[in-house]
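Two complexes come next, and they have one chain in common, chain A, joined by chain B in the first and chain C in the second.
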Partner chain A sequence: MFMKSRSRCSGSFLKTPVIACLVLFLTASLGARAELLIRITEGAGSAIPIAVVPFAESGSMPAGDKVGSIVQADLTMSGEFRPLEPSKMLSLPSERSEVYFRDWRMLGQRYVLVGQLTRNGDRIQARYELFDVNQEKRILGETAAVPASNLRSLGHHISDRVYEAITGAPGVFSTKLAYITVSGEGEQTRYRLQVSDVDGKRSKVRLESREPILSPAWSPDGKKLAYVSFETGKPVIFVHELATGERQKVADFPGLNSAPAWSADGRSLLMTLSRDGNAEIYRMDLASRNLTRLTDHWAIDTEAAWDHADRGIYFTSDRSGGPQIYHMERPGAEPRRITFGSRYNARPRPSPTGDYVYYVHQRDSTFHIARTNLETGEETVITRTGSDESPSVAPNGRLLIYATRQNGEGVLTVVSADGGAAYSLPASEGEVREPAWGPVTR
Partner chain B sequence: MKMSFSTKAFAMLLSAGLVAGCSSTGENMEEGAYGSDVAAIDQDGGSTVYGGADGSGVSASELTDDERRAAQEQAEQEALRDITTFYFDFDTSEIKPDARDVLVAHARYLADNPRQQVRLEGHADERGTKEYNLALGERRANAVQRFLIVNGASRGQIETVSYGEEKPAVRGSTESAWAQNRRVELVFQ
Partner chain C sequence: MKGHKRDIVSTGKAPLKSPVAVSVGLHLLVFGIALAGWSWNTPPEPEPKSISARLISPEPRPTPVVEERDQADKEQERKQAQAREREEAERQRQAEEKARQEAERKAQEEARKREEERRRQEAQARELAEKQAREREAARQKAEAEAKERERQKAEEERKRQEEAKRRAEEEKHRQEEQRKKEEAERQRREEEARKEAERKRLEAERRLREQQLEALADQARQEREAEARRQQEAAAARAREAQMLSESEKYQALIRERLSQAWYPPSSATENMTARLQITLLPTGELASVKLVSSSGNTAFDNSALSAVRSLNRYPIPDNRDTFERYFRQFTIEFNPQRLR
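For the complex of A and B:
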């Protein structure tokens, strides 16, 4: 399944026909630009020690990062693991018969990952095994294969499998990020919608415009992005098919067309429109384009997201005098206010399990990301940076990405959901903002 | 819905009330301003100087007080209309008292020139969230639109758009930059 989806992906990308596009500039041909860098700022104290032994190789391998180092970097990035430096390893086993558990115990390791890569025509196959050092037991043994040009995907896949075998939660290393980069000044300003791996690598420009692009939102199958583009001089919602570059203008009503958010079945979008006078939340059925109005209030209602059960919505409203988070249990129900801790709380994003809602929270004179435990109502500020915006929760609920500022430039930062570990993704050029964490696709 | 109407009505009444208060203030100010100018002309013996026997410079001398006042007022209105950017406090869309005379001047101009179109561009500072700021920028533009309409402009002359925090007038994260970015710009077309 994994192999199949990968090869299909890369194939269709290469063949991308330049479909009649309503717009300006476009996608794949622009290639990589404004690569994100990765900078680990802090790890969690409780990180699990694991030895990722460099994989044995037979046959010619593509240049670039080795699979072992990709896995090692992924696990470090999660904040939940502390991989052993290969230079400290006493041996470099590649299969079970070569693993001496006593050695790894002595090195304080709880898990050991070993594997081999074999070149097979234009494909590379991996066999890998994960061992629990204390129990001297194999807990994972699998094979996977990818086209030789796709070694990073293989690395991320193995990281996902290892992560899940140890933590029980699905890994998110094979998922994608969408974000907006901004470079240049004045007339030269360019906004780019980009998609990359979660480590910032393999970034691709999907849309470039002289006018602002914001609020990218992934369809549940990871094949489309909805976003707001000002390319026509006003905010308009587009749905963009990534494989083909084909775009559809789905909401271009008078006034605001903003804050798109997908339903779990991918058939409808929540959005903010002001066509009836002021900012209200609507649901649009994408096939028929029929609209259902969900809020009706003179205040600003915006930034809607479905709750984890996909029955009700969280949204921002300033009906109490300033922006606060509300939950509407089902369409039409009386909204219930969730946040009370400060005078500015906005852009709610629920965790996939429904335990927490994350949002932008003003404290003193700056903005952080905070979360409220939906059972207890307890609010915790989880970021230590300032000017924080645009929280987006990873599909496994364990990590959160948001936009912040470092030395006056916009950067993305990933933190564990409790705020314990962090890494940042600055752009190599200009600034980066509005991250959206893509879904797990199989 | 009822709520929404009554609020709008209230907002309109409010701006109408303020305008009434405002224009009387405006007149007072005009009188004060004219007072000295007119006096100066009288002292120079304006009509004597310009109203010579040869009849040259007649146009000035034949201006009645009313006409002079109208010309003066027009000049002053034009000067007021040089101001096309209006500022707001954080997270509010309330038009500041010092903006009202200028907006009244713009509204009169629009009323006098029914074919003139104007685009109101609403903006927010970078603080807070982008989508909320987009709605806030719109609310600011709408507040200016309502004010212009109440003062004589017609709805068909006005177009509004919000850029939220996307197009700051000034870069930077200082109080001063933020204050200059929370604005509505009138763009005459």
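For the complex of A and C:
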């Protein structure tokens, strides 16, 4: 602003531009001080109205969801946007010259996303623009191209770009989910490890077993999953290469082998082993398979996860009588108890920014997902459902996925990290549990 | 003569203060006796002269000595008398011879008596002289004593005088000292008085000045009070207007705040320490004339959310009162700073 006014001044007062500017600036700031000041400390508290105009298409498009629909769904799932139904739009512009801001203002829209898709061989190219209606300003204008078969990826990509342009935080719509489904009964019971888009679409079964599969965990590069499989009759930790389907048994010690969690560099796994008689937390170097024991207590210590700095760990321990969350600042340090709010707090999942830790929290004889502000110690229950379990935080820290029960069935729900908005993923066949939100991969 | 007689008869009681008169008397007596002896044509003997004087002295006739005023007459008379007397004397000389013998005898007797008398008188005279000498001596001594006394007195007087002088000098000195002291005291008193006077004058001047100042202050205070009263009246009126304006302003501030809060969608990347300040200029219709981002939050999405919110209002709620509008809402600042994030 100052630069702007200076250049303006320089034009009008060539001889004494600096002084004139100073005077103007001082006057302006003095004037500003005496002025009325209105402070806005609260926002609307509701989702941002955005019009995602169906993209214009030229050339044949694959069947299925349109890009615009994918973007709308993504933005809706984020809980931060409230896309306008296309049926309510007064016009369907696909480029700037067709955008009448007054119309969109009238419709109460803040942003308008327009675009066009062009078939180019077996690829589809997208050109899209995002406008700030009130400022009548384009804040995003890009092109992207994908194979025709990968239109959903294009949609998620555009969602990410829009989300970041408006909120300033990276979107997570191109990330993956891993989860376990259970179907059938008795002999027919099948456990499946599945991977899907964040909206639950394009799910693929990566492993099917008659025995339970638990605790899928994404490697930091998003290329591998570690999980616990009972396929051998006892819990064993596997590392599963997604691209090849290659599996490695990494922990098959006597007793319990459970709760794998990757380090940020992907070279080691945290795990709970009872090989020494009691459930303790170990770190395994994946290359050498060397184990380092991190806890040593007569109580159960399990469900470890690296803190955001990758220096210490959060874990569950019943050393105080019931399961509670502890933080060990660095290996060997005395664990510090984090949760006090109730008799049951388990399965800690720290946020990527390090300001919160999320966990399963029992209250009023049911289970919720809660978070504790690590700075203030304040605990907030963020889910309104019951029987909630297995929280997993999105890589941008804004969203959280967890398993809950709906009409007697296990389903996955995405919720704003602050609990503001919830979005249930469309139910697949059977029961869904143990979701794991994958990393952002570029 | 009387003196002489008296001198003679006066025995031991010679007047103390007339030794000269005594001496004169004695000489006269001796001369008288000698004269009588001579006139008798007898060899003058020192002693008979005094006898003849003795004889004559019973004669009440005045002594020739006293009557020798007319020398010539007296000479004549004396020569005649002498002739007669010589005749007479011859005649008588026998008689007288006898008589003289008689007289001689008598005279001897007389002389003896006179000698005795003389001796007695001499003794007396000596005694007298001695007495006189004693007296003189006494007188001398007395005089000397007196002189001494006088001397002493004089010395005493001198001493006294000196003492007096000294005393006087002392007194004078003392007096002068006293005088000096007195003068000093007087000087000091005068100075003190002068000082007091000066002090009094100073105080008086100060008092006057103070009074003047007080008066001026009082005057000023009065004027100020009046001015203040006027001001207060004006201020009260202004305040009333102001209050009205303010209450109106506050009302519309609240409305604007509410509308903007509803219109603001803080982005998910917002943090509580992000603040964006926008300067708003409105038209009298309540429409937005211009908006300037005067202070960025440092986050583009945040700044945009604020700008978008500000621009999202078609018309700002503004007071009908044009003064209030001009004063508060023609141009103002909006600060976006989330205090409670979701």
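The rule we apply is simple: the second predicted complex is superposed on the first by the 394 of 442 C-alpha atoms of A that agree within 3 Å, B and C clash if a C-alpha of one lies under 4 Å from a C-alpha of the other, contacts with A are read in each partner's own complex, and residues count from 1 in each chain.
Going forward, contacts are C-beta pairs under 8 Å (C-beta built on N, C-alpha and C of every residue); 3 or more make two chains touch, one makes a residue touch a chain.
Source: prediction; values computed, not measured.
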Message = Quick check on the superposed pair: does A:278 touch chain B, chain C, both, or neither? Answer first, second, both or neither.
response = first
Task = Return first, second, both or neither, reflecting whether A:212 touches chain B, chain C, both chains, or no partner chain.
result = first
Query = Where does A:169 make contact in the superposed view: on chain B (first), on chain C (second), on both, or on neither?
reply = second
Request  = Based on the superposed arrangement, let me know which partner A:135 touches: chain B (first), chain C (second), both, or neither?
outcome  = second
Ask   = First (chain B), second (chain C), both or neither: which does A:387 touch?
value = first
Request  = Figure out whether A:309 sits in contact with chain B (first) or chain C (second), or with both, or with neither.
outcome  = neither
Inquiry  = With both complexes overlaid on chain A, does A:333 touch chain B (first), chain C (second), both or neither?
reply    = neither
Inquiry  = According to the stated criteria, A:90 is in contact with first (chain B), second (chain C), both, or neither; which is it?
reply    = neither
Request  = Enumerate the residues of chain A that count as touching chain B in its complex and touching chain C in the other.
outcome  = none
Inquiry  = Please output the residues of chain A touching chain B within their complex, sorted ascending.
reply    = 212, 214-215, 228, 230, 233-235, 255-256, 258-259, 272, 274, 277-279, 296-298, 300, 302-303, 316, 318, 322-323, 344, 346-347, 360, 362, 367, 387, 389-390, 405, 408, 434
Key: Contact set on chain A toward chain C in their complex   = 1, 31-32, 35-48, 80, 105, 110, 132-135, 139, 165-169, 398, 416, 418, 420
Remark   = Residue positions on chain C within touch of chain A in the complex are 249, 253, 256-257, 260-270, 279, 292-294, 299-302, 304-312, 314, 328-329, 331-342
Task = Going by the contact rule at the top, pick out the chain B residues touching chain A in the complex.
result = 1, 3-4, 7-8, 91, 126-132, 134-136, 138-139, 142, 160-164, 166-167, 172-173
